[in-house]
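Next up: some structures, all given as structure tokens.
Each of the next two complexes has chain A plus one other chain: chain B in the first, chain C in the second.
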Partner chain A sequence: MQDLDFYFAFASGHQLLDGLKVTLYLTFWSNVIGLTCGFLLAMVGVSPIRPLRWLYTCYIEIFRCTPILLQIVWFFFCVPILFNVYWSGEFLGLLILGLNLTAFNAEAYRASIQAIPPAHHDAAIALGLGSRVTALHVIMPQAALNAMPVLVTNAIGAFQQSALVALVGVADLMYQGKLLSTQTYRPIEAYTSVAIIYLVISVVFGQIAGFFERRNELYR
Partner chain B sequence: MPSFDITFVAKYWQTLLMGLGLTLEFTAICIISGTLLGLVLALMSRSQHLAVRTVVRLYVELIRGVPVLILLFWIFFCLPVVTGLEIGNFLSAAIALTLFMGAATCESFRASLKSIPIEQYDACTALGLTNRSRTLDVVVPLMVMRAIPNLLSNTVALFKESSLASAVGTVELMYIGQNIANSTARPIEVLTVVGILYFIVGFILTRLVSIAESRVLSRLAN
Partner chain C sequence: MNSQQSFIEVNNLQKSYGQGLVQVIKGLSLSMNNKDRVVVIGPSGGGKSTLLRCVMGLEQIDSGSVSLEGKPYVSRSAGDRQTTIDKTVRSSIGMVFQSYTLFPHLTVMQNLTLAPVKSRGVTKAVAIERARGLLERFGLSAKANEYPNRLSGGQKQRVAIARALMLDPKLMLFDEVTSALDPELVSEVEQMIIGLAENGLPMMIVTHDMWFARRVATRVIFCAEGVIQEDAPPDEFFENPKNKRTRDFIENVLHAR
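Entry: the complex of A and B
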């Protein structure tokens, strides 16, 4: 076995840093899409109109029952052909990651809305609150609090899954790690450094989320 | 937009079905090995020795903290260098997904272990069961039953993650689909059909999860 030399990984730190920036950019925007569109989609999912609920189920099932790698590859190959657009890899990447996250977040929102006891609806009616006030001031604040842990888990999941876009040539952290390993013939140092970066960020975010979750528990 | 002709994929149906078969086979192998690993890890996490518990904790955090893709690449590119053994793409993908499944099932088993009421343990003591008998005849069956819904959803996750094996050149559905798409220059039709194949299996599996969930819940309620 050759000698390990992690110094070189530091020396090429800027390359990994460039990749990390792309990864964080993808994570950030896919979460913005996932949190907002997921919420809107959940509204469709709990609507009283049946065809709308079917639409919701179709969307969710398509994204839940196929591998995300396939979704990414499909999106990268087919969207430019189907819609005759030439977007950058980063943009396509954040779109598909965002659409995927939308499905999972919508389920989280929907579950937390439906987990609110019906007694709260009854109480709102008894107090003579309108449906708008009930939704905004009674249901949503509780639902948001309930959905929080799952949303954070999904956000960390999106961060990790963003590594898959490296396979279709987006220059994210994973891609730069791969490049570094082939350029320098030092796969161990390159992949280990990349793994450590992913690990540290995931664990730190997980700990922060856990802290807030415990605080919310106390708050209740 | 170029002409869209889904019927031409029919020419490749045998190859695609073979790919699906390979994907299912690969998934089954990793489910069995991963679940066994998870079971052992979950039992280890109840050990009296702090060191053993810490090792399990670190393992789970490590595997869940890195993307499966980097785990796979690490095993594929680095493990041969570290160990000096020649590990093929199939084996490295199987190892990576087994490790991933092991961490996920360990968490499922641990959660169901925690949900076993303390009275069960008291009853074992009252009946004078040995440690071995208590673990094998009481704790493990109870734990497995409670873990079934979770294990099935891990199975769905693994089925989907198995497509990653194509990244290191393991021949399965995703790999075959991408190859046909590239060689025929008709990605839309081929990838859509591959997606439908994944969807059919994934959909059936998720339905099984919900059925199992309601069954176990009703059994626990009684």
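Entry: the complex of A and C
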């Protein structure tokens, strides 16, 4: 086995950095989509109108019950053909990652809305709170707090899963790592460096989230 | 007192769950004046909590009506698709529940001021002032800025009562408010309710605590099989119940203690 030499990884830092920028871009926008559309979708999921709830279930099951790699590949190859659009790889990537995250976040929101004790609805009526005030000041804040840990887990998951778009040619961190490995014939150093970057960012983000979660527990 | 129109009037109330599968209240009528404190006792499934929930306007009923000061605010007649509820009238009634219903993401103070500020248009300063007064009166001042999970069960229920009082209810409903409490915490909540009773607040109470029932009630109602079996002043009710079903029940609960 040849000697390990990590120096080149630093020397190619700009290359990995370019990849990391794309990865963070994908993660950020897929989370923006996931957090907002997931919430709106959850509203559909708890709607009293049954056909809307069916629609919700269909969406959730499609994204939960197929491999995300397949979702990405299908999206990259079929959407441009079906809709005759030519979007950049980054845009298609953040879109499909966002749609996937929407499904998982919607479930988190829905579960935490339904976890609120029915007696809170009764109490809101007994206090003469209208449905708007009840939703805004009683249900949503509690649901958001309940959902937080799962949303954070999903967000970190999206960061890692974004690596899959390297397979369809989006120049993210994973892609640049692969490139570096083939350019330098040093797969161990290249992939290890990439792994460390993913690891450090995930751990730091997880710790920050954990701190806020512990603070929230004060009023659980 | 006869000249006075009745304060609360429950008229031939029928209520079932599961689309008529389980009939819980079977044509119950009850009238109560504004000096009354009605304690409802009876076996589980006898309809006492359901009665209170119907008076609060939390339930769809099958038929009948409930009126406050002559105004029917919960009603449904044959052929109506659903229960008609007058929310304005309903908002003059307060209710406290068996399970804790303080909103956990709000402090005690925020729990108290939420409804007056958001639904009654009271200014925040006025609401806070009023909340301070109530907390002071009930010995809860130190807890104003705590979140509910820092309170004992007894304190939670007392705050819940104070929260209802923020809206100046004409009638208070207490649905087994001490049933979820540790025994040593029951008394502080009951004492608070007794204090309100002595100030002349009309109330309907569902409880399993016979000492408390006797202490607080002007009338005790025995509710079983969806109707009122007995309705008498507390002394008469406990000492000389007329109905055999009532006698058996009292016998059983008193012996069980």
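One rule holds in what follows: the second predicted complex is superposed on the first by the 218 of 220 C-alpha atoms of A that agree within 3 Å, B and C clash if a C-alpha of one lies under 4 Å from a C-alpha of the other, contacts with A are read in each partner's own complex, and residues count from 1 in each chain.
In this text, a residue touches a chain if its C-beta (ideal position, glycine included) is under 8 Å from a C-beta of that chain, and two chains touch if they have at least 3 such contacts.
What you are looking at is a predicted structure, and each value in this text was computed from that prediction instead of being measured.
By the touch criterion defined above, A:96 reaches neither chain B nor chain C. After superposition on the shared chain, chain A has more residues touched by B, the comparison being chain B against chain C.
Contact with neither chain B nor chain C is seen for A:41 once the two complexes are overlaid on the shared chain. When the shared chain is aligned, no partner comes close enough to touch A:16: not chain B, not chain C.
In the superposition on chain A, A:120 makes contact with chain C only, not with chain B. Of the two partner chains, neither chain B nor chain C is touched by A:26. Of the two partner chains, chain B is the only one that A:191 touches; chain C does not reach it. Shared-chain residue A:78: touches chain B; no touch with chain C. Residues of chain A that lie in the contact sets of both chain B and chain C are absent, per the superposition on chain A.
By the touch criterion stated above, chain A contacts chain C in their complex at residues 117, 119-120, 122-123, 125-130, 133, 137-138, 141-142, 145, 218-220. Those residues of chain B that touch chain A in the shared complex are 1-2, 61-62, 64-71, 73-74, 77-78, 81-82, 84, 159-164, 166-167, 174, 177-178, 181, 187-188, 191-192, 194-195, 198-199, 202-203, 205-206.
By the touch criterion stated above, chain A contacts chain B in their complex at residues 1-2, 61-62, 64-71, 73-74, 77-78, 81-82, 84, 160-161, 163-164, 166-167, 174, 177-178, 181, 187-188, 191-192, 194-195, 198-199, 202-203, 206. Residue ranges on chain C touching chain A, taken from their complex, read 53, 56-58, 87, 90-91, 93-95, 97, 99-101, 103-105, 114-115, 118-120, 147-149, 160, 163-164, 167, 173.
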